[in-house]
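Take this structure first; my questions come after.
Here the chain labels run A, B and C in written order, and each chain numbers its own residues starting at 1.
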């Protein structure tokens, strides 16, 4: 009888320790969200979304240009990274044992370990210097390089999940390999791939360092790829270290919006897409 | 291969109608020997065909339960029918050699015909009661046979009939009685097929209550 | 008595077919002819090269790394291993159904059936619907799925999925259909349904089926081959093989006395 009670106490204690550890992970996240929310929410107003910065010293203005700039550069980066990334993912999953595959995998692993600021410098050398100007294009390139390893790895994993007997079934129907890959395997993994892409995008959207040397930043609206462009992270940084209280306030708002954006993308990718996949099967 | 129990049954019935024709032709002085020969030839063909079909059916289709009993029953009925055909031919030869109608023989043949018909009917209609009746009726046939034999032995003893003729009539009667036996066998096989019970060699047979 | 009403025209012929996995020779010199519109079973103990041989007939074996195939396989007189022939075209004429049902995931029942045609360039909806209905009927699946053609292929039961795969293979209209133990992953009722539809399929297609179930081979096939360790010991009419085989090895296997 005694042993039973002792066991129950031990179980309860262990459970307590585990739950406590879980909370220790959750608490910082919630604190950050709550803090940014409180600071940022108060500074949010319509003009934040609809106006570009006012001249230095003047109160007001917004980050419309930075929000659009982030979307622009991230999409630009995605446009470059997604096709290359998925193609590499396809190659790695279809030709697993070739020398090229082994080299490629090693390269991808190394790539994902490069500090983002170093990637920024690389993009600076490759794009900014030849074009003799900071540009959104350079920013896109830098973000693409950041996104590439994530997309390649997830694509490869997702495609490897498709069992071999599906490929065999395709071959047995008299279909050439490329049609099998494109119309059957890829088509069947759309939502998984989309998830991977969105996670890569959400990672890139929050990068600041690489954009410092590439897109650089801009106080005005710009849609020209070859010219510097404002992005949310860089704009936040610029405003946060400035001496102007109004700008600092706007920095909080920007941080809040950036955080919401990235959280939303993550939630969408992980939960909404999986639900759609379960219902529709792709 | 596409043999089914129905195919086996159909073939038995085709063979049976040939046997019945042979039987009635054997005691019909208007039918020629050649006609009975021709029937006998066809009966033998069926005999081989049906055995082969049953063999292949069992080997290829691995039948169970009623299907298996059907195949086995068909093999046995096949054998009985073939013997009946042989006996018919013998009777034909014997009756032709006498050359005239013998009333007692004709009566007995009528009864045997009915018995054979009922046995085959019980097979077609899967009717245990009918089969049981056939088995009981065999005793009547045996009695008819005894009477004919006794009667004609006496005729011979009393010199009222020539030995050759009398003896031939006795032989015909015996052969008819044998045909009755085969019909009884068929009925026993039908009971086995329908109920799964083997009621042979059982003076007081208990039959499954299926009607 | 029903006689097999198949023609005697030879549609597929294996000439000294040999196959290797690396250094291991799994198939050792097979010579056999297959008549049009017949069901041909291949039986034998496990691991004796039956499936490997089958996969040589539609050139799927060579898709595995390190494999080799020698010999000729003549489809309507032409060698499918000829260097000038496109292997993809070969597989359009020799279809295959596998042991484990493998409908394409994330595709509807209808899409599954017609994907082979669609990816060949046939996109007219009415044509595709016709083919789909006809093949699903042949696969004895139409009645069960006609009201849910747009639901996922993978939402069907195992037996239904396998019939879907059969319909999918039939849709591209191959004169020869290879089946690699198609019912071994299914329950007895699903198995019986598929055996039934084989009799229908036989009217239009030639079937070569590998099965480890002897009774199945006896029930459905016109001809049977007996394989042991990559060699074909005997080949003949099923009604002969199962009643009076010529080789003692065959007899031992059929009587259950083999290893």
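Methods note: contacts are C-beta pairs under 8 Å (C-beta built on N, C-alpha and C of every residue); 3 or more make two chains touch, one makes a residue touch a chain.
For clarity, every value in this text was computed on a predicted model and none was experimentally measured.
Seen from the C-alpha centroid of chain B, the farthest chain centroid is that of A.
By number of C-beta pairs in contact, A-C leads over the other of B-C and A-C. Of all chains shown, C has the CA centroid lying nearest to the centroid of every protein CA atom. Each chain gets one centre point, the mean of its Cα atoms, and the points for chain A and chain B are 92 Å apart.
The centroid of the Cα atoms in chain A and the matching centroid in chain C are 48 Å apart. Note for the complex: chain A touches chain C at residues 97, 162-163, 165-166, 168-176, 179, 183-184, 187-190, 280-282. Residues 1-2, 4, 199, 215, 218-219, 222, 238-239, 242-243 of chain C are the ones that touch chain B when the two sit in their complex.
Taken together, the chain C residues at the contact with chain A in this complex read 58, 60, 63, 65, 88-93, 95-96, 98, 100, 102-107, 115-116, 119-120, 152, 154, 165, 168-169, 172. Residue ranges on chain B touching chain C, taken from their complex, read 1-3, 7, 11, 49, 53, 55-56, 59-62.
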